[in-house]
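To keep things simple, chains are lettered A, B, C, D, E and F as they appear, and every chain counts its residues starting from 1.
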Amino acid sequence: MFLDSALREAYESITTATITTILLKKGLRNVALRGPKPLRTWGRLVGPAFTLRFVPAREDLATPASWSSPTSTRGAIEDMPEGVIAVVDAMGVQDAGIFGDILCARMAKRGVTALVTDGALRDIEGVEGTNLPVWCSGVAAPPSVAGLTFVGWQQPVACGGVAVFPDDLMICDRDGAVVVPQALIEEVAELGLEQERLEGWIMKEVQNGAKLPGLYPINDENRARYEAETKKGG
Amino acid sequence: MFLDSALREAYESITTATITTILLKKGLRNVALRGPKPLRTWGRLVGPAFTLRFVPAREDLATPASWSSPTSTRGAIEDMPEGVIAVVDAMGVQDAGIFGDILCARMAKRGVTALVTDGALRDIEGVEGTNLPVWCSGVAAPPSVAGLTFVGWQQPVACGGVAVFPDDLMICDRDGAVVVPQALIEEVAELGLEQERLEGWIMKEVQNGAKLPGLYPINDENRARYEAETKKGG
Amino acid sequence: MFLDSALREAYESITTATITTILLKKGLRNVALRGPKPLRTWGRLVGPAFTLRFVPAREDLATPASWSSPTSTRGAIEDMPEGVIAVVDAMGVQDAGIFGDILCARMAKRGVTALVTDGALRDIEGVEGTNLPVWCSGVAAPPSVAGLTFVGWQQPVACGGVAVFPDDLMICDRDGAVVVPQALIEEVAELGLEQERLEGWIMKEVQNGAKLPGLYPINDENRARYEAETKKGG
Amino acid sequence: MFLDSALREAYESITTATITTILLKKGLRNVALRGPKPLRTWGRLVGPAFTLRFVPAREDLATPASWSSPTSTRGAIEDMPEGVIAVVDAMGVQDAGIFGDILCARMAKRGVTALVTDGALRDIEGVEGTNLPVWCSGVAAPPSVAGLTFVGWQQPVACGGVAVFPDDLMICDRDGAVVVPQALIEEVAELGLEQERLEGWIMKEVQNGAKLPGLYPINDENRARYEAETKKGG
Amino acid sequence: MFLDSALREAYESITTATITTILLKKGLRNVALRGPKPLRTWGRLVGPAFTLRFVPAREDLATPASWSSPTSTRGAIEDMPEGVIAVVDAMGVQDAGIFGDILCARMAKRGVTALVTDGALRDIEGVEGTNLPVWCSGVAAPPSVAGLTFVGWQQPVACGGVAVFPDDLMICDRDGAVVVPQALIEEVAELGLEQERLEGWIMKEVQNGAKLPGLYPINDENRARYEAETKKGG
Amino acid sequence: MFLDSALREAYESITTATITTILLKKGLRNVALRGPKPLRTWGRLVGPAFTLRFVPAREDLATPASWSSPTSTRGAIEDMPEGVIAVVDAMGVQDAGIFGDILCARMAKRGVTALVTDGALRDIEGVEGTNLPVWCSGVAAPPSVAGLTFVGWQQPVACGGVAVFPDDLMICDRDGAVVVPQALIEEVAELGLEQERLEGWIMKEVQNGAKLPGLYPINDENRARYEAETKKGG
């Protein structure tokens, strides 16, 4: 999927809080991944989902030797286009780190925008050194094979209790990571920009001492005022 | 996968407790599914795994309308050969039933040996009426689409925290469901039969008042006695 | 709330599985209580919700002495009309039993239809002796005051992760307990009866060897056949 | 510890529900084990605690070979006096069975009254065949060494979130298993017998249609009536 | 409730660790909320509890439209007196944020001392911008209506497994949030001040190399020394 | 146990991520404690384990008075040799803090290298003031006796789901805390140093743009190159 720069810019100014409100109004209540949080502050990052999938470890499969099999995380990483957000289904396992510094360094080299997982990272100091933006659920020393077997990429996955399909849009900020289904990407961008504009105006009102009822959510009278003022301002 | 009748018969006499002990001795510690328990008593059932996979529900995908899509549970069921054990990865979700009476009735009609899932069944009274043997983790009224989206079949899956691949062997009894990796099916059958024979002899000794140390695990002296007696007996 | 006998009879023939499917089609995905299961088999029971609410124990409040305060479970029970289903929000606490044999005996005397809770019962043998139908999440010896403080009745409550309001309709069967919002009681009854009729016909088709695609969910051709046959039959 | 037959008989007539109420009045709120439930119905069983302790498995320690070490579960079992209740701290692990049929058979032979654990049993069909009464938290096929390392017996343990010391008294019934600290055994027996007598009288009143307030808990007027009647009766 | 400035000042110098120790000595073991932690460092904050209560979302109730109903979080906020600590029972739900930047800005404007919840906040960057002190259990992008329905304020609530009543006293610091029942506010302040004085003296002794036994807890000899020295110093 | 300075220095340069990979290759998959994370950054700390063990609180045992019993945490602390890492089995309880500032100050005075626990600390601001390095699972105001009873030291313990024996080696860094069984301490040091050297070389290759397959894990060709270059360099 190609994400044009206007869309990317739009999404960079819409909070994940606003995106989830808009999707909820369209009937989608399960779009915010449970678990992944940013390791540190990177602002808001946007990109199409590139999915990876693990199943539980089985000692005959999940071995250091498996790392050189063709269905390996290494193969998946070499397949990642620039600008994607890697979304890794680790079934929420917190006892093993899916990737450490070397794999993250390679992802950064390839221009991957961010890594999102409901699992843990390992060698966290090394990972931070790579400057790859990471939204994860924890940190654990053991290698992935201690708890996980890698089975493939670019399939539908479960990540943090949310379904993610390849080429859905991922948006990640301080609140976490949310997914916008591919078919709704343009519509949500439009509605989101308008919503941010409105909430900015409401926030100014609150800071001037306005009461909440009638203001948020906005009633007809206040909406007229908002439209008048923002037209003037715009 | 075809399971010949000698192997099937062998496994029907080996407890899942014995199978897990044997696999542990070969270094496999994660082969017993966490969650699935038998709805009622059916003895021990054996068959190759036929896998199904769900991801979480997303309201634009998990709808009653999706039930007639080509990638539907209906399509998967019509693809199941006689004698398989269906293993359904429901990510442990207990809020929605993966199947109800109608789907189970069709599976029974097709000669499916058993249904194993880390999720829940629904319309449990109707399901019991179909006589399909079921190992599941719970019972829930809501339809699968309330919590789950079906994404495919005969892929590697996670079920109850264990990796299951198509054509691994499933064995289900009162203790739950365990998987034997395809490459080990013959060897585990042999070792299992011998182990059951030995444990039967030990149990008789215990019932005659023997102490455990030296007997279980067996020391050289007792093993000699066991071999003498069972040779005699055999 | 008064539940007329036609409605009660209708609901007694609609499974909770069917009710949740119908509510899902109307956009309500969170109506099946997580946790409460029947202690034994009582068929399907129906009645308006009469709610009770606990908060966690605080040793200065949750004492045996509190049992004689006016805001006590005793007071709530004496306030229950005949035919209601008591729905008790115990916040899922499994370490203390909300009621034992004496309170259940009094509820049975008063003609309460059933008791539903996301908590535990205590003195379970005595409770069974009272013949009060119970859907609960567990069994625990300690008295309620070991973990819970009673704070009132006929308020909105959370039970098993579902919102229940006084006079919503509760339906309880083998799959668990579900709630129908008061405003939808009549409509769901109608839709439910029709759905049960259709599924009965589909089940017969499956038992005659029909394949699932086109049948369930039903396509136009099969629906025509269904309508023809059931008109004949009706 | 020796439990005289009068005490044993007394406790056999006091429910665990009543025991926890009495201990609560004495300030002990954490005496009912979370998890252990009876495999089937055995009435109420009573005996001094004989404790066993596991820590998590480490592959260099928890091996089938370890079963013949001097610090083994086998050694512990051969050390159990007749009439004790074995209380096994398995840290709530549900992925491995602490004991199977052979060890339970030996415990039954030695006259052990019951086995209580916050872990799981394995080979459950075989265990049932031994007729050893078991209160456990689940059933799992894998051997203990798949998840647990045995480290000793007759030490203080945690079982189901409750502290149990050797020679505390265990009482097990349908509601689960509770512990009475050694120093309180006689006092709790006395108070418990009286409480059961009172609750029996209250239950009769309820069955005759009495209201709860004033009756349960009992007020002065009703207590006078109770004492008059039971004196008469006694 | 009015909290006079001497009491407020006293509590600002007593750690929540000391408060829980004192309440434990008075038999109250369940006064520290599980979950709420400070978003950043604000020192110790003190104020009477102003409670809010949510139940789970039901799609017919928890809608953006509900935000303008009279029983809305907006109404509750406009009802908060200056100096209170808002305590929000979100049943521990981590999938939806109870409040975002606009509502927090309004609370800050109204002089609310702090916000405490066992749920999550949303739009966390915006919330930080309002400078409202927040103790919460997580961060989540979705709006409250994605998981919660607001049902009222100034009722008894459960927050983080602890009962909180309107006008109990809340104290929040780095260790979390604790509640002092209204009847004990004065007594705990006195005992707490004395305890802090004693522990300060003990800490100095430890830093001078004193051993713990006899010192902490303090024996008679050391107490005499403490009293002598602090009298001198005081 | 005495840890010589060469070994200590070696381990200070080996990440816990590398240690767990090496132990996994030797068949040990359960050596990383689940839960304990560093309160702040201290680099990597190494020392022999000195174990402490708690069981759940029972109100007759876990009292402030118990703090002066001979089997008290105070006694255990006075028994700790310089340079050890205290490993405290708190059964993962997060509702009570095992130690506060005074006990941590005494441990720092005695030259304890670090404190590791699957439980919580209390009075966290005070604890930070002592400069004792702490790996814990949380922060809680209540004293240990609110949830825990201390039962002894230098016994085998469970900490974060891992078995730890006295004199095993503990290594703690940003990823958490791991244990090396006593018998493997020398071997793991050697293998670890070599592994760190190899991974350093691989990382440089990645930063120069090398692809992962063939590099990590390393194939024969790359290993030859590595050996040539590092020999040169060494």
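The working rule: a contact is a pair of C-beta atoms (placed from the backbone, for glycine too) under 8 Å apart; a residue touches a chain by one contact, two chains touch by 3 or more.
Everything numeric in this text was worked out from a predicted model, so none of it was measured.
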For subunit B and subunit D, the touch-path distance in steps comes out at 1
Which neighbours do subunit C and subunit F have in common? D, E
Please decide if copies subunit C and subunit E contact each other with the same set of residue positions, more than half shared, or with different positions, and reply same or different. same
Report the chain pair from A-B, C-E or A-E that duplicates the B-D interface, where duplication means over half of the contact pairs agree by residue number. A-E
At what distance in angstrom does the C-alpha mean of subunit D lie from that of subunit A? 49
Could you work out how far the Cα centre of subunit C sits from that of subunit D, in whole Å? 32
How far is the middle of subunit A from the middle of subunit C, if each middle is the mean of its Cα atoms, in Å? 38
Each of the following residues of subunit B touches two or more other chains, namely 27, 29, 31
Set of all touching chain pairs, with the criterion as stated earlier: A-B, A-E, A-F, B-C, B-D, C-D, C-E, D-F, E-F
The residues of subunit B that touch subunit A in their complex are 27-31, 55-61, 91, 149, 151-152, 155-158, 161-163, 181, 183-184
Once bound in the complex, which stretches of subunit E touch subunit A? 64-65, 67-68, 72, 74-75, 77-78, 94-95, 97, 100-103, 105-106, 109, 122-126, 139-143, 145-146
Per the contact definition, I'd like the list of subunit F residues that touch subunit A in the complex. 15-21, 24-25, 29, 31-32, 34, 37, 173-176, 178, 199, 202-203, 206-207, 209, 211-214, 216-217, 219
